[in-house]
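Presented below are the structures under discussion, each in the form of structure tokens.
Two complexes come next, and they have one chain in common, chain A, joined by chain B in the first and chain C in the second.
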Partner chain A sequence: MSGKAVKEQSMVKQKELIQDHYHELSRAPETGRKVIYTFVPGNLTELFRAFDLLPVYPEINALQSAMRQKSTLFINEAERAGHAEDVCTYVKTDIGMLRRGNVGPSGEKLPPPDLLVLSYTGCFTFMKWFELLRQEYDCPVVMLHTPYQGDGKITPSMVRYMVEQMRTEVIPALEKVSGIKYDEDRLKEAMALSESAETDLVAVLESAKHRPSPIDGYFGGVYYIGPIFNAFRGTPEAAEYYRMLRGEVEERMAQGLGPVTPDGLLANEKFRLVVEGPPNWTSFREFWKMFHEEGAVVVASTYTKVGGLYDTGFRHDKEHPLESLAHYCMGCYTNNNLPQRIDLLERYARDYSADGLLVNSVKSCNSFSAGQLLMLREFEKRTGLPGGFIETDLVDARYFSAANVKNRIESYLQMITQKRAPSARAEA
Partner chain B sequence: MSLQTLVERAEALYHDIDLRFVAQWKQEHDGKAVGHLPIYVPRELIDAAGMLPVALHGAGDQVEIIRGDAYFQSYICQIPRSVIELALSGRLAALDGFLFPSTCDVIRNLSGMWKVLFPDRYVRYLDVPQNFSVEVGGKFWTEELREIAADLERLGGRKITDSALAESIAKFNDNRRALGELFELRRGEPWRAPAREAYLIIRAGDVMPVEEHTAFVRAYVQAAREADRVKRDHTRVAVTGAFCEQPPLELIETLERAGCYVVWDDFTLGARFIEGDIEVQGDPLDAIARAFLSRSAPNACVFQPQGPRGGWLVETVRRTAAEGVVFAAPSFCDPALLEQPMLEAALDKEGVPHTAFKYAENLGQFQVIREQAGTFSDSLRLWSEA
Partner chain C sequence: MKAFVGIDLGSTTTKAVFLDESGQVLGRGITNSRSSYDLAAKIARDEARVSARFALLERSLKADEGLAAEAERLRSELIAHFHRHQQLVQLGRLREIAFVEAHAPRVAAIAEPLRERLAVILDAMEAEEKRPRLGILAKQTSEFFRDRAASAFSRLAEERADSTVKFGDLMGIFDKAILQVENTSFELKFDDSLREAAAELVPAMGAEQGQRLIRVVETSLDIDLDEVRTIGTGYGRQRLPFAKEDIRSEILCHGLGAHAQFPGTRTVLDIGGQDTKAIQVDENGIVTSFQMNDRCAAGCGRYLGYIADEMSLGVHELGPIAQQSTRHVHIASTCTVFAGAELRDRLTAGQRREDILAGLHRAVILRAVALLARSGGVEEQFTFTGGVANNPAAVDALQELVHENYGARTLNISPGSIYTGALGAALFALRAGEERWEAA
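Presenting the complex of A and B:
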């Protein structure tokens, strides 16, 4: 590790974007802007923009609450209200936050939703989540059902089904809540901006193919995906953010620099890992540190693809806006079947010259976790690279045992060292 | 057949985790068998393709999980572990294909695991629509059904003609009616059809050919009606949350021992997921699709576009004259456990008492549940006296 924390321009820009958004949300009751709540995976952000709607993403509030050490309080609140210990903790964090005044990550109160847009991709819990919120807020909900890629493909019938739902359900509901008529040209404009941001994001993520990697594609990656997974895809600001970020990363790459961590630049890349599964948010920094202090860099992760799998070629396409939104929703990572997910991990290991795969199995999330041990096995079989497995949770601090996780990560990294070819060991 | 013979037969099938019955059926009929996970798949299609539909409900407490644990993380329900265990230990060898319905993320991901583990077997995930318009969700579901039908035709080596499908629909309609008669008996005179027995009789339909099961259920209803059984001073409860991973038999028995008559439940919901008859007018495939859109059993896994959830449960409580509701859900079951607070709220609003516990299919200790159910039953009694 060298130097101290580096604040790059893009980070400042992202912070501003987010702050402005939350501020605008808090002022919505005065300005009269309509607010919708929706989910990150398979979101229709460009479409919402075309109706001047302000989106709130409850998962982002939940993870931010955890990073600010508030999730335990919120989870307790939800459990006191009758929610089971066993279920997804994102849901409970959100419900607890709502019950305690709905103060968002910026410290400002979040407005209630005028409409819940239930566009869920790759997870059935989302459906229950909004059914619960509908009762809490007593507001309407509109569903966009995304078919799963059970056979590893998107068929014309699946696309038709989604487009028809948008035309007959989602768009009319958005028109009604916003009082604005659907204007496809506005949607197209936003989609062109998305495309540009997506291309720059892919360049950023793929910079990790370089040695040393100038980024951490998991812990750093979650910051990089922020604006595009959040409310800003399809805006000029997001397009500019990604241009800026790409410039910075390419500059770091040219200088042979490693990733920026909360403790400064990582100067000595020793391990290159692929990580499957979401991170833990309650001890995010501590978790990250367990990697970077060992010189372990995550060169590719699947979590950074939950809100869009752009590095396999998908881009929002302004020529076919609704069809393209359908493809986007169906293409998100957890909407891929297990064989596809294994293929992707294998491809990451190869393309990013990784030393192995580490799975973080989170208690909350069956969508991610059910099947991960088989994925790990298949990965090992196909690549010959070692796999590691840890269990934590997203936002429930009770399920993050730091000593245990650290131990496992250390032994895993030792295993990689032992498994390395003698020639590589000699070099090291 | 006597009541005892019927129950013994059902019990033997329940314990037939090696699917010997299925293997024998295949041999006798020179046919194939297709397994499916809970909750709902259109079994009519499998039947119309000349194959035996087999409902898989996990292994309960009947197998030791040796391999299954290596496939799943700590925090997950039990059914995927035991189904994997059954498969890896060769006990599902009689099944030529598998359908995985879109019940939840666990069953969904299990379909992918199957593709990886059993590449030579037919495996398909079934995405039922969550949009209930005939033109949108209906169209999508009909197209899915067409593909599944084509797959099943290939697998079974027999064309699914309209008339064969209409015939299968009629057979399943009749089966649902027979199940309805059994439920009606439990509603009216629950002491005549104890929960454990009724459960076993219904579970026999997991493997029996549908027409055989229909006759079997009717034979039981008749024998149970005629049997000399004592009416006890039990309270009447409805049980909900157990639609996928099944509670152990002993748990069901425990409820009754603790003083509760189970007058309604959602165990093995898949067998009666479509409420009422599927009416065939025109294309039978369309009829199956339409029935799903408009007459699926209200359930945690089906989106409800409007209104508070739980209205159906209140209505069920009224219809079956249940005095209270027992929420029994598998541990780690997101659909059931996330649904529960909404259902509880609906019951609270109407002043319907309820209690809740969680189970795993291989639970071995019932003392706590027995006490809880006993206390609940006692309090219901006080309630009704008050």
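Presenting the complex of A and C:
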């Protein structure tokens, strides 16, 4: 298959990047490198790098545990320890993993944190989560509060508020744990690299405007955002990865090829969808298959914006490093209010010539799920395009009923087909 | 003549509908779903084909000036004869298998008296079957052979059982035999059976009329019923014995089927055994939005089934009992797992059975109403389908809640509501036969 060889180069690179990172983490106790745990939305990766700190993202561990079919075990472990059934399953997977020896996705043991950086972005669970980790690890926490865009905009005082927290709390805490003085030039260097990677990422995601789309912007998209949401934003390796990826995708686009799926090339694009909400990770491949075997390609998704919304123009800015970090944190998708989210979905439908919007409502996450039905109805009203709704969970296999999800996806796609049918149009 | 077939494989029953080229229903068939979907689909289809044949016969009878006036009566009588014949064939099979089973080593000790009693019971069943019955003609088609046979057999077995051959021994044989009867499909020679049925009627008709009947029967048998296209849907649709392009989602089928039954329909609620669906359709029956229950079966038909089992009642008895309720009992949980416990707790606490049942029906409907709200509300007109639509207490609760939340709405329930999905599928078959739109 022509797509395969092209895909592999960037995939290999990404794999290497991630493996090296986990390897370095596992060796931290020997090398003496300091480790911080932090969250994906509103992360300060460039800043951590400026202090030579190694970041760990518990959400990523949770989702990777699910992809390796370990989350059920971990969730059970956490529930045995007293965590209720309706607690966010990312949290329980993380706690369960910790209790079972803290072995990370690469099979190597993760080091304990020297500091917890609680980037509080929208979700109250973040606070409880690190409260639990603080107890488990007995280590300090520093909090960075990201104000919610309740009015749909970022004001200068919001930016000042965040920069102030960085200067007076976060940076001193990082200096203390790392023993390194804050050096703004190092941060600026990283920012420039971030900007280049971000521009390439946007080009990759926007390639889906092309017909047929050379990428899947959701199932494939989660791989593309991996490095930039993970520990690598602001590194030369990440900038290199995105350059490479962009080249590959543009090549595919020039050849008129569709996306590569785990089951081969999607050659016959029949449906172009916008998807709202995170994917299910326990049955990720099966879930994807329900789309690609029907010829459905996700051309744009909001989940791929959860660790940074770049396609509305934001870039990290080396001239104003702390200010742009503040903008970055506040701009993450789940920190946007509902009208902003609807505007974004509407824009995606238009710019990507989509056939409709499918919402995956996950049981765990209120940052996503609250208001999704309202958004769906408003979307239908504004665009006249059909909406669909499915329910799963992030990493709890008990909440993924394959037959139910497949039934709904197929019904939804047939609904789109029926709406397109000549007889329907003639009669309508 | 061209026929278009829709088959709906549900979790409890499998339905088939035949349409003619103009979209008129020619025939319908229903059977209980069993482990073999292929067989269930085949049996439902065979039954629908037979009923389509009778519809064609009725058309021929009506076209004959000498018989037109009596067309309906003749058709009913022919059906009755035909069905009796069909039942007797099945009973014959049951007898054969039962006697094979009565030779099993397991029952060797009582073999002789067991066979003796079986013969008496089966003879009695056959005699009952042969006795002319009136007034049950319409009902007959929807009654399953298994249910009829089971009720007759167990009644007679109770009379015949004693300390040598126990009731359980007899029922053990029956259970084994009926399973095998159900799981084999046997060709009923339709043409011959119909001719036989006609021959039975002729003597009472007078020479000329009798001749006419024979002629009309032959003409209608000459009509070739060509099943040009079949579309399948339903709960088991992933394993439907059809090609992928011949399968439509049950949601779309229910939407289109409800639209065909009641063209004013804009909102459809379907409560089936395994899932509940709330569907919005446009003026052409095209689905514009839908919601269905998640993986949890709470609040579906199956839940009422559990309650019925728990109370040792038939599921059809629940509604009428609940309607006798005089006191409001509030029940919030419709969790199937806790259904039994919830019920026992309340009974122990002294609440009355009918009040509890009324509360349970309301709880089921509350969940459905929430689903309706999520799908976009209840528009005029509102059509209720699925097995639960036959439950009067559920209908009462639904009417009340819809009125409270949305004001006056016309509530449609078709007597053929169980066929809604199959009807929608058949309409898709008709469309697919006309214009291959799905290829676009």
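Assume the second predicted complex is superposed on the first by the 414 of 428 C-alpha atoms of A that agree within 3 Å, B and C clash if a C-alpha of one lies under 4 Å from a C-alpha of the other, contacts with A are read in each partner's own complex, and residues count from 1 in each chain.
Simple rule for what comes next: contacts are C-beta pairs under 8 Å (C-beta built on N, C-alpha and C of every residue); 3 or more make two chains touch, one makes a residue touch a chain.
Because the structure is a prediction, the values reported are computed rather than measured.
Visitor: Tell me the contact category for A:K128 with respect to chain B and chain C: first, second, both or neither.
Guide: first
Visitor: Based on the superposed arrangement, let me know which partner A:Q165 touches: chain B (first), chain C (second), both, or neither?
Guide: first
Visitor: Which of the two partners, first being chain B and second being chain C, lies in contact with A:E391: first, second, both, or neither?
Guide: In the superposed model, A:E391 contacts both chain B and chain C.
Visitor: Answer with first, second, both or neither: which of chain B and chain C does A:A403 touch in the superposed model?
Guide: In the superposition, A:A403 contacts chain C only.
Visitor: Applying the document's definition of touch, where does A:Q9 land relative to chain B and chain C: first, second, both, or neither?
Guide: The answer is neither, since A:Q9 touches no partner chain.
Visitor: Looking at chain A, which partner touches more of its residues: chain C or chain B?
Guide: B
Visitor: Using the superposition on chain A described above, determine whether A:S353 touches chain B (first), chain C (second), both, or neither.
Guide: So A:S353 meets neither chain B nor chain C here.
Visitor: Applying the touch criterion given at the start, work out whether A:T31 contacts chain B, chain C, both or neither, answering first, second, both or neither.
Guide: Neither: A:T31 stays clear of chain B and chain C.
Visitor: Looking at the overlay, does A:L373 come into contact with chain B only (first), chain C only (second), both, or neither?
Guide: Touch partners of A:L373: chain B and chain C.
Visitor: In the superposed arrangement, what residues of chain A touch both chain B and chain C?
Guide: Of chain A, residues 373, 391, 399 contact chain B in one complex and chain C in the other.
Visitor: Help me check something: in the complex, which residues belonging to chain B touch chain A?
Guide: Residues in contact with chain A: 70-76, 80, 100, 102, 104-106, 108-113, 115-117, 124-127, 129-131, 133, 135-137, 139-140, 143-144, 300-301, 303-305, 308-309, 329, 331-335, 337-342, 344-345, 358.
Visitor: Flag every residue of chain C that touches chain A in the complex, lowest number first.
Guide: Spelled out, the residues of chain C in touch with chain A are 238, 248-252, 275, 282-284, 286-292, 294-295, 374, 376, 431, 435, 437-438, 440.
Visitor: Chain C touches which residues of chain A in the complex?
Guide: Touching chain C from chain A are residues 373, 377, 380, 386-387, 389, 391, 399-401, 403-404, 406-408, 410-411, 414-415, 417-424, 427-428.
Visitor: State the interface residues of chain A toward chain B in the complex, per the touch definition above.
Guide: For chain A paired with chain B, touching residues are 81-84, 86-88, 91, 118, 123-125, 127-129, 131-132, 135, 141, 143, 145, 147-148, 150-151, 157-158, 160-161, 164-165, 168-169, 337-339, 341-342, 361, 363, 366-367, 369-374, 378, 391, 399.
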